[in-house]
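In what follows, a single structure is set out as structure tokens and then discussed.
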Amino acid sequence: MSTQRTRSVLVVCRSAPYGRSRARDAIDLAMAFAAFEQPVTLLFLGEGVFTLAGGQQPPAGTRHLGKLLGTLADYGVGQVFADAAALAERGLAVRELALAAEPAHDDTLRELFATHDRVITV
Amino acid sequence: MTLHILFESPFAGHALEECRRVAGAGDALLLAGDGVYALADTAADALHALRADGIALFALAEDCAARGIASAEVPGLGAVDYGGFVELTLAHERSVSWF
Amino acid sequence: MIFALLVHDAPVGRHSSQAAYRFASELLAGGHTLFRVFFFGDGVHHSTRLNLTPGNETDLPQRWSRLAAEHGVDLVSCVGSALRRGIVDEAQARQHALEAVSLRDGFELSGLGQLVEASIRCDRLVVFGG
């Protein structure tokens, strides 16, 4: 059995925030891997970029994902990327996002998928 | 090198499209479940583009058969069973599931 | 080679859950090791013992439980996902004075740390969803 202690993980969120629970699941997974000191990158791809939208006001009883994003750094999820083409397609400006994710164009996306030990899509 | 596993029909969502954007030469794509609908004639351009980018194509034979798709007649497509699915995950450093 | 699986979706009505089970059986038949299967979100419905499946359909919770007994596979359902969905073990049922225990034999409830450990220990992590 491998004695390696860390594996880099790319968590990919492909869902908008409030229609289903997948976006929340992706954030929880990224935080858990970071809490156990695994190098984690969180990527919002395609429809997932809606999770980054500013001005979210969910009703009481629903977890505020916009605010939850703000705690990612505290958990040690340092690297957060957003699919640049998907942001543009959905009219989301980087400066108005709930979290200053780094816009990733296709060459960066290819690199992210090719360089992490594990890729967990949600 | 990465094994991409597509579980979603390209007519139902954007998984195949997103997979295309992130896949690179030397990767492989396995069509499973409704992902085998990517073999429909009208989705052929996407698969041609993947092949042109150097991505090897496979499909789960039983999922094709279940859906009335003749996988053996698709040129350049490797039809596999679950044993072949396991082998593909072993032959690639990581897998990415699209659903 | 050592495998770990992450299962996102429910056993009923989802093809990927059948695929996960078939994949697990096949890798074990091939002489590989399945270190752990982690059931997350709706995937935790695999760990119920209160399901009834018609005889001509595959009872995935029962199959997984049998596979675990035969091959020593660790089946872990995410405790956070499970409690929200009515999957409780004896300790939880007692603690919250619930009228039934619904966790199937062969499964255990635990946190996401179990998935992290699986990711570290395995050679291949395969995700099943949709």
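For reference, chains read A, B and C in written order, and residue numbers begin at 1 within each chain.
Here is the rule we use: contacts are C-beta pairs under 8 Å (C-beta built on N, C-alpha and C of every residue); 3 or more make two chains touch, one makes a residue touch a chain.
Keep in mind the model is a prediction, meaning the values are calculated, not measured.
Asker: Can the chain contact pattern be summarised as a line, a ring, a star, a complete graph, or none of these (other)?
Answerer: Basically all the chains touch each other, so complete.
Asker: Which pair, A-B or B-C, has more C-beta contacts?
Answerer: B-C is joined by more C-beta pairs in contact.
Asker: Nearest whole angstrom, what separates the Cα centre of subunit B from the Cα centre of subunit C?
Answerer: Averaging C-alpha atoms per chain gives centres 26 Å apart.
Asker: Send over the residues of subunit B in touch with two or more other chains.
Answerer: 94-99
Asker: Going by the touch rule set out above, which residues of subunit A reach two or more other chains?
Answerer: 117-119, 121 - these are the residues of subunit A that touch more than one other chain.
Asker: Scan subunit C for residues touching two or more other chains and write them down.
Answerer: 8, 125, 127, 129
Asker: Please name which positions on subunit A make contact with subunit C in the complex.
Answerer: 1-2, 4-7, 9, 21-22, 25, 28-29, 32-33, 35-36, 38, 117-122
Asker: Subunit B touches which residues of subunit C in the complex?
Answerer: Residues of subunit C touching subunit B: 1, 3, 8, 15-16, 19, 22-23, 25-27, 29-30, 32, 124-130.
Asker: Contact residues on subunit B for subunit A in the complex?
Answerer: Of all residues in subunit B, those touching subunit A are 2, 14-15, 17-18, 21-24, 93-99.
Asker: Can you list the subunit C residues touching subunit A in their complex?
Answerer: 2, 6, 8, 40-41, 80, 111-113, 115-117, 119-121, 123, 125, 127, 129
Asker: Which subunit A residues qualify as touching subunit B in the complex?
Answerer: Per the stated touch rule, the residues are 12, 14, 45-47, 85, 106, 109-110, 112-114, 116-119, 121.
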